[in-house]
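Sharing a structure, written as structure tokens. Questions coming.
So that you can tell them apart, the chains are marked A, B, C, D, E, F, G and H in the order they are listed, and the count of residues begins at 1 in each.
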Amino acid sequence: MNKEEIKELLESVKDNKLNVDEALEKLEDLPFKDLGFAKIDNHREIRVGYPEVIYCEGKTVEQVRDIVKFMLTKNNNILGTRANEEMYNAVKEICKEAKYNKLGRTITIRKNEQPLTENYIAIVAAGTSDLPVVEEAFETASILGNRVEKITDVGVAGIHRLFSKLDVIRGAKVVIVIAGMEGALASVVGGLVDKPVIAVPTSVGYGANFGGIAALLSMLNSCASGVSVVNIDNGFGAAYNASIINKL
Amino acid sequence: MNKEEIKELLESVKDNKLNVDEALEKLEDLPFKDLGFAKIDNHREIRVGYPEVIYCEGKTVEQVRDIVKFMLTKNNNILGTRANEEMYNAVKEICKEAKYNKLGRTITIRKNEQPLTENYIAIVAAGTSDLPVVEEAFETASILGNRVEKITDVGVAGIHRLFSKLDVIRGAKVVIVIAGMEGALASVVGGLVDKPVIAVPTSVGYGANFGGIAALLSMLNSCASGVSVVNIDNGFGAAYNASIINKL
Amino acid sequence: MNKEEIKELLESVKDNKLNVDEALEKLEDLPFKDLGFAKIDNHREIRVGYPEVIYCEGKTVEQVRDIVKFMLTKNNNILGTRANEEMYNAVKEICKEAKYNKLGRTITIRKNEQPLTENYIAIVAAGTSDLPVVEEAFETASILGNRVEKITDVGVAGIHRLFSKLDVIRGAKVVIVIAGMEGALASVVGGLVDKPVIAVPTSVGYGANFGGIAALLSMLNSCASGVSVVNIDNGFGAAYNASIINKL
Amino acid sequence: MNKEEIKELLESVKDNKLNVDEALEKLEDLPFKDLGFAKIDNHREIRVGYPEVIYCEGKTVEQVRDIVKFMLTKNNNILGTRANEEMYNAVKEICKEAKYNKLGRTITIRKNEQPLTENYIAIVAAGTSDLPVVEEAFETASILGNRVEKITDVGVAGIHRLFSKLDVIRGAKVVIVIAGMEGALASVVGGLVDKPVIAVPTSVGYGANFGGIAALLSMLNSCASGVSVVNIDNGFGAAYNASIINKL
Amino acid sequence: MNKEEIKELLESVKDNKLNVDEALEKLEDLPFKDLGFAKIDNHREIRVGYPEVIYCEGKTVEQVRDIVKFMLTKNNNILGTRANEEMYNAVKEICKEAKYNKLGRTITIRKNEQPLTENYIAIVAAGTSDLPVVEEAFETASILGNRVEKITDVGVAGIHRLFSKLDVIRGAKVVIVIAGMEGALASVVGGLVDKPVIAVPTSVGYGANFGGIAALLSMLNSCASGVSVVNIDNGFGAAYNASIINKL
Amino acid sequence: MNKEEIKELLESVKDNKLNVDEALEKLEDLPFKDLGFAKIDNHREIRVGYPEVIYCEGKTVEQVRDIVKFMLTKNNNILGTRANEEMYNAVKEICKEAKYNKLGRTITIRKNEQPLTENYIAIVAAGTSDLPVVEEAFETASILGNRVEKITDVGVAGIHRLFSKLDVIRGAKVVIVIAGMEGALASVVGGLVDKPVIAVPTSVGYGANFGGIAALLSMLNSCASGVSVVNIDNGFGAAYNASIINKL
Amino acid sequence: MNKEEIKELLESVKDNKLNVDEALEKLEDLPFKDLGFAKIDNHREIRVGYPEVIYCEGKTVEQVRDIVKFMLTKNNNILGTRANEEMYNAVKEICKEAKYNKLGRTITIRKNEQPLTENYIAIVAAGTSDLPVVEEAFETASILGNRVEKITDVGVAGIHRLFSKLDVIRGAKVVIVIAGMEGALASVVGGLVDKPVIAVPTSVGYGANFGGIAALLSMLNSCASGVSVVNIDNGFGAAYNASIINKL
Amino acid sequence: MNKEEIKELLESVKDNKLNVDEALEKLEDLPFKDLGFAKIDNHREIRVGYPEVIYCEGKTVEQVRDIVKFMLTKNNNILGTRANEEMYNAVKEICKEAKYNKLGRTITIRKNEQPLTENYIAIVAAGTSDLPVVEEAFETASILGNRVEKITDVGVAGIHRLFSKLDVIRGAKVVIVIAGMEGALASVVGGLVDKPVIAVPTSVGYGANFGGIAALLSMLNSCASGVSVVNIDNGFGAAYNASIINKL
């Protein structure tokens, strides 16, 4: 309710077109409505066309099934992340269209097919062990309506493989780089493209890797400009971010 | 030089339109040219219209002055970050147009005025102690040709001040959030806008802040989707990143 | 035994109303009695009306049952924290009134109903994953005799939900804020109330969350004054603390 | 502006006692006013009777003097924390009543003497090296209008000294415990009183103390219930917190 | 073999009482023998009267049994630490006298009863959760031939319990203090006795305890002189150390 | 393809000795070929005579079997590291010559026996718990064609055992030192030999060992020159490194 | 005052040999006196013959001088640690016998010469950079009345130098080992002697030494039994500890 | 002195060719001589042809000058690392040939020119800020008698610059890679050469670089085999190591 609308309301009161109680009711939740909270995009309350998202880790199979059940009543697309197979089976019983990406641990339900973007997001990954994060990012970006190109197994230890895919990487509007171990791929890609690069450190590695800290610090300290970073293994976050940029 | 162009060149040689030595010269730097390295945007080798950038920290006054002297021969805009006043004075002697942002510790030289973007970058900051990082980001974004809006002193401890600026924040194409201490501002802003948010933790704080680690971890773990993070105090990196997105 | 009482005792000896051996016995444990240790409130030795408390983690089922058995002889209320279901079943066999809060992992036995406080403690929590800590705090505060209001799922990513509950939060005498991930809720609530805020970081999150360190540091560095912090996941401690304040 | 007041306003409009533009103006800032933000107590915007507070660290002498100058126009009490002597001298030039606590590094200006609370806050400290934090807490609590008792040099290495002061500690409504090195004092005091204990780790120590981390972790893990913790060296925060509780 | 002995040997050669080959043989292992390595006390090669020690963690049941089998041939006492029950059962099959301390996870075999020391080692522990470390220390000290007094459940949260046992603690020649959580007990005991105190941090605790780091740092930073520290949960090391001191 | 060769090719085109399409084909992969990527030795694409290597951790049994199946078509030697027995059994079904080192968790398949080097690599290890890393290093060095000498159980607590093996250690061309706990062995060996020493910290230990960090830091800070370090438990990397040096 | 004495006192009251007020006075401070606090040895209140100790770091020159002035009235020996030269000069003005150890940064004043112990403490140090800690330990041990032998520059990189001093090390009743960098010396010495070893990590080193953490962790994880550890650079603590043991 | 020589000595004694006292003298230092300690190469006692090395950090100007003075008597080459200019000036006064490398902070004195190796060490560095470490490594490698090639400013953000120097890097016998920030250069170079790579993390960077930890972890986790790591900023250690390898 903007200034004009409030003025109009006040004039209706003045002109007795609207009684005081009705006006009061309309004004009452003004603080929130007018702050435009209905426009907020977040993990749970996402605008039309966007999927509903459930972070399944730490929830019981029953909880996941019940949340999906409720979501289904709203006829939106649905994305469940960090879901195990048992959760998927429970969901499948109440919704046959549900798909499971075993590697990416995502459940997806598509109620509304939407056209994909013309631009695409490139998902570039270092090693085969990073694939679970790649798949989580892929499923997220896809159900958010983005065209996606995956370029995997192009770690810097064999840098010619990366170069042979440079065209497809450079053609993207935004690039997600996923790497564990020392995470050097983010810097190398960041030095080769002039698009925003979102780096995802993965917990792949051992010893002084410390569950992804080595890659995380590496990416935060990237000598290449244009690289920003999300949490360790956060394929969902990277893809969500990339989707916002891809649709600008 | 793509496949077609190489073919054309070879045919010119065959048809004697081009002699071998000329062809050789063109092919010689193929490995680098064709990999497109000339297009690479990084801290030092930036394409036409972009400023040349010097990271002054750890350099001597003489080194900074000499680098600037050399850069001036190329007639580009110049940005020096993390520069102290002594460096600025040395630069000013060889270039009168040089400007110094004392808070942001930047030296800027504008040789080519370029039109600003229509879209703007919003730089949102928590406290007055974060201003040095705000100014570094501001100068960087500006000389990269972006329109910028600064919204400062809107930390979450007095959240109504943030709300009174929500319109200008939401109007941006990309938002930079700069905060020290616990860095909560990034999550709050991330929950209120549907634009990409680049979060910059600052080293402002004491005790268990650990030089910015508290804010860094806070931002990496943001419960709001759409937030990515750069290094502690890295105003330059955030602005560089934001500029790429703002110009998409 | 205060100065007056010792004097009285000495006079009784002098007047032969008390023989030396009886007096000796009474004085013998003076060092401890007079230091007032009987007034000490701690985890195990709590004054009249307070529940007896068992921290069950790391104990065997038999140990928990035996401790409860002994406590039952004293007819006090009993609170077992970090208890699993097996422990509960063992306890139930010896005490039918025992109740189990599965989420909060608490066993409670109420032998003496006491009137609740007029003031209430508000327990404010960010996400559904924080509920186990919420429930531990709730059960602790309740059995300590406090009226409690729970306000859950009001994380900062959707800040309007928090605002819609502001009245009930502000009405409390003391506020417990429970949040994982980046823990920003503590700062936001701390900025909105003028009551003591006890923040509980939870281990909810992944990657650079480091089992709750991100939220812990965030809360320790809160830009809002009036926030103090307890250990990660320590719902019991927060409620115990809040109870002391609520009863001042 | 509560429901009743809005109703009244609407009726005034209806009855032509108030014209639409005037009503509009009053409603316009409803979102902020009615959320009660004016009641918010934080570091900068504190309600009547409370001092204005400046965190001086990282500010220039000029900035501190200018902020104080502005504050003086509002005739409130003023507290400057982490202030050096140079800042004090600059402030003294514009306000003769300004007092400086050299150890606590605080500047205080009292424009309105207010009666002290009946209850008192006990500030208990381990060693003489912790005195700067003690003094910061003392000045903060005092200018917030609290009666304060200081009990210093009662570290656990000579525990009888602590016991000889137990009465005055137990007489307080809320206790602040300040300790560096291993911070054991918080646990010992926490086990001896049944009042809220706010623990402040200090950066006093060397080697594996890590600037206060040893004491911080010690206090967070206190085996005594009823202890909550603020940031390292944060005497201001502890006293602010204690003041809220002391005035409940 | 000292100087005198070598001289004697040489003279025997000179006098033909010893032939060259025999002398050579005796001199050959001079480098090691004379450095006195045979006197070295370590985990595996311990002098007469000392038990043979096996650190069982990370070994298979078969390996443990085989090592014990071999040790039995030497007729020494045997101590196995960090042993599980399965290991014990395997050992028992080959040696009926083997005893198992379930809490302390030690296997002990006594082939030679030796008289206990007159002086005793006091093992002081904070809580019941620290008992496994207490038992490991107890079994180690005992089989090394020391008289031991255990004083448990005397954590600082209820400090009067500690005081009631002060006499027995002060009567020891050396004191082992075992505590988890914040480890404050080491400082308090260190301030009350004038004997060497060996502090053992335990991994008991949760959250910001970080598996014993809180107690470890606390003990290293003890404000009481006379406290030295061993590794987290290292009951064996503390007792071994205490035994050396107790037998001085 | 160097300058001369390109010139020659162009002249062949000019002289019609080579048609344009053929020339194009040769030039096409110039960027990569000429950068000499075919010469690159890395974990996956190793030159003739070298084994193919699979890092099995995090892969499924099926994936490991399928990769081996494919590798077998190339008739190279094969090394699988971090393989469990189930993987080995699956591999054995498709290749009878496959051998499993249970301790080192390696699968090896030898299709081409190659002569061992004359020089040898010495693998020196502190304790029996370090044997898994010793065996991984041993198998790696062996299948890479190196002669290897193992010297185990020579930890510094019984330093005479190390000295008795000094000759064989000093006779090596390169020395690998493997140690957990405090990792002191690397410094001691580094002070006794004048050959390159590659130190491998192991995760053996407990408490403040932090999964190998103690040994890692110890080795990085070695007071003996000539010591370089690889990741915790990285027997493969150390042996790969040593092999390169041994074959120089 | 023991049981017998209290009984006697009560009987005196009964028999009118002592009036009630006198008896009361004697009983009044029973809690502290009887707990024997007068016997407590700590940093400040040390029994007859022991020096008074001041930790000078963080104190002003005036404070140090004033404390010494007061101590001089008690005619005890005095030890000031972490003192700079300015402090020494101020002390010298009021006490000519004051001595300064520049390297060890100690001030010592000997009022009562006491005979040295027969047994000696061996102080073994790795490098010349560790000498400041060596000297602090030496001065502390000496003024506490111990005979001391210093064995320096025997780091493990040249282990024969250590061996040439083995006799003097083994002859000590207790051994202090001081080492920075990787701290391996503690383990090596621990393996060569059968006396208690107190290890002092020093902050000597750079890079991944982290101000002494590398040596600290190394020593805590020592593979040699019989090693306990004090705080980084804590020469005083080690010597204080060693003195207690040496005098047992 | 080997077995044969001892036998000969004994026989000389037997045959009265050598008297007992002479024989005794020869045998006396057998333990050390025969262990071959004279062969040990370490920082201080290096064999003929090697320079004497002084680590100057933490030493006074006088100490450095005196050590050099003593070393000059032995007529060896001398290398001083981490030396400041004042130290150099003091050294120059006693030795005119002394040279100072200001960037690398080394003092070098060449008394014996030795021929350089045929093979060379390649020193590859990321940025200009890494030059101090490059120069320390360069001076060390040079005075140890190695031919060295420096390839600087080839960070991965502009990877084509690295490729243009690939030939000279691949031509080396051993490669030192020096990089700060994220240290990705080590992995990229490690993937491009088949020579041993010694990686040196530098403390260049800011924020989450943590003084070189980011680069250190990155290098330890390198996805390229054949990379080993030395301490942060340890140019000396890397060069010393490389020299050993280069001379194999």
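Details
Note that in this section a residue touches a chain if its C-beta (ideal position, glycine included) is under 8 Å from a C-beta of that chain, and two chains touch if they have at least 3 such contacts.
Everything numeric in this text was worked out from a predicted model, so none of it was measured.
Comparing the contact residues of subunit E and subunit F by number shows a mostly separate set, under half of all numbers used being common to the two copies. Separating the centre of subunit A from that of subunit F, both taken as means of CA atoms, is a distance of 39 Å. Centroids of subunit F and subunit H (each the mean of its C-alpha atoms) stand 25 Å apart. Shared interface positions of subunit G, defined as residues touching 2 or more other chains, are 31, 35, 40, 42-43, 157-159, 163, 190-192, 207-209, 213, 216, 220-221, 223-225, 231. Inter-chain contacts occur between A-B, A-C, A-D, A-F, A-H, B-C, B-D, B-F, B-H, C-D, C-E, C-G, D-E, D-G, E-F, E-G, E-H, F-G, F-H, G-H. Chain contact summary for the complex, subunit B toward subunit D: residues 128-129, 157-160, 163-164, 204, 206-209. The touching residues of subunit C, counted against subunit B in their complex, run 126-127, 155-159, 181-184, 186-188, 190-192, 205, 207-210, 213-215, 217-225. Those residues of subunit F whose C-beta lies close enough to touch subunit A in the complex are 31-32, 35, 37, 40, 42-45, 57-59, 201, 203, 211-213, 216, 231-234. Partner subunit A is touched in their complex by these residues of subunit B: 35-37, 39-43, 47, 163, 166, 170, 173-174, 191-196, 198, 216, 220-221, 223-231, 236-238, 240-241, 244-245, 248.
Within the complex formed with subunit H, the subunit E residues making contact are 3, 6-7, 10-11, 13-14, 16, 20, 23-24, 27-28, 30-31, 34-35.
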